[in-house]
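We call the chains A, B and C, going by the order they appear; numbering starts again at 1 in every chain.
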């Protein structure tokens, strides 16, 4: 049985997401279809990458992830099928996939459609879905198109290397007002080397990593590396982003000593 | 395996849509249930007809579509099961089904409940669902009630016939601010007879039909007949309705020459 | 085949609800997963109890209901698996389950996690889901942890006993602006003993119970005991809460004579 997930900016008000499911069920009536989200903000590849990046590895190996964000078609990007960590991804090569794998270790990248040669205004159904169906039918990914060696990259803030400081930015604020940064656990270990540290947030300081919200009293701040491997900050039972006036691209600093 | 879709104004915040699914699974545990939308604006039959009309034909033949919009029960309309293009529809005969088939070529219309004789305040569960379940069990539609020859019609703007002009109105604005009109491809062909044309939108003119957004530069306007067969206008990567101040019932004119 | 429902305040914008589904499908690929709602307002146990309380009994016996509301973990509440009316419930013992069963006739309460000992920041996945999976695999509920005799109770407005008056409050306003109260049908029968009655709503009076909205003209008021057994008031085709300025905790009085 095929498990197919959908990550789109198509919303739940219009017919697009259900048209997609109908067309999929017409080909594979037994498919298990899971909405990762249809509420990605229009054209927001960063949000799509964050949501998909945190969710995909929870699914069984072999799951096929259709991604239709900003794919209405500006005619500027190619379209690809990708294999990564034994999952499959199909969508627009507009940078969203570069954030899935910080080191670009995508195993296979196959071009399934060319910029400016889109078949229709509804690419999710007319270009991505046929590729998804082929993968679900067991057709090898390399048979879907032409291999491509690189994918488009979305801008990634890079801090100048410092010995005692690790700097990053807020890349996402979730509905609980938790703060997701682009500081990876790998960088934290590499630069910190196990030293004491202070995460500076305005005048507050966080001096340890936590396992759960209950590690601090209500209103206290927790810091942890989330399931996508990046630093997340939150307030136990509170709205951290609002209270600390943190926004997208606000800078987060970690000082080691 | 039965595929059953739901199109309702019941929302996702309250228990109604999941109560409906629970009651359905209690009868048919293996049913595949697809939400077409639960975010139809309360009582908005026009939106329901637009969303369902674009989505239903993507589903496999034999799919059963439960429609619960404005069915809370004003006590003014009968309730029907309908067969159309080998799909089944069950819901309130309040006009929503008249928009599915512009020529009223519904194959079978069966009355399953009478205005003012509704069994409860939750018609989707207590009147429509039993009919859906019977259809899913293979009971012929004619066994569900009494045949009815006509259905209620929703108002439809009709342009006075002109030789060189085709006029219509905006009937829906989707979440991307694309414009859906009530101008059908059939009328376009019948009146246009292949002549050159200009679609007038404020001071902008569209002089050709497009296949995909990428046919024009970013910010350009595209026009195409969508999968429901009506004229749709959009801006590549832009919000057309907002930028052109187009609203429901704004007039769209096509001049042939 | 296991049917598993989800009632959470995790929203549909972030990855949480789909991460949960992915992790579930990884263990039980054939599970039928139904969203009761992910749009519970953050920390709103009252809304969760209302929505779940109305929906759960529609599902087949044996359904497992995962409830993750206000479970981010303040570290103040234990976590439980519960058996009630042949349904299973797993979640935080923060009071939400006390509203499911007004008389606290929960059949079994098993503690599956201790306040302050939460394994992670994502309890729905890391604590509740493993319990759900065990139940779905047929492991008896008593094997999941330690029996617990009582659950946390949410505040419940109790009227002083009066012979001729039954008083309650508005506990929920649904998206149609219908009014859900905490007046139970049991109390109505016990105090009313079949006498004539007047439900007072501002200067309007409702003197009978209704079966369906169509029992009154458009704009008329209906009163009925809903599927959760509590008094619900509504206006046929109108927005009662807004028009009558009724809010949470507004008092509703029934006078018997």
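The rule is short, and it goes like this: contacts are C-beta pairs under 8 Å (C-beta built on N, C-alpha and C of every residue); 3 or more make two chains touch, one makes a residue touch a chain.
It should be emphasised that the depicted structure is a prediction, and the values quoted were computed from it without experimental measurement.
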{"item": "Interface numbering overlap (same over half, different under half) for chain A and chain C", "value": "different"}
{"item": "Equivalent-chain rotation between chain C and chain B, CA atoms, steps of 5 degrees", "value": "120"}
{"item": "Separation of mean Cα positions, chain C and chain A [Å, integer]", "value": "33"}
{"item": "Multi-chain contact sites of chain A, meaning residues that touch two or more partners", "value": "12"}
{"item": "Chain C-touching residues of chain B, taken from the complex the two chains share", "value": "10-16, 18-23, 25-26, 29-30, 33, 42-43, 72-76, 115-123, 125"}
{"item": "List of chain C residues in touch with chain B within their complex", "value": "1, 3, 5, 12, 32, 34-39, 50-60, 63, 174-176, 210-215, 218, 222, 224, 226-227, 232, 234, 236-237"}
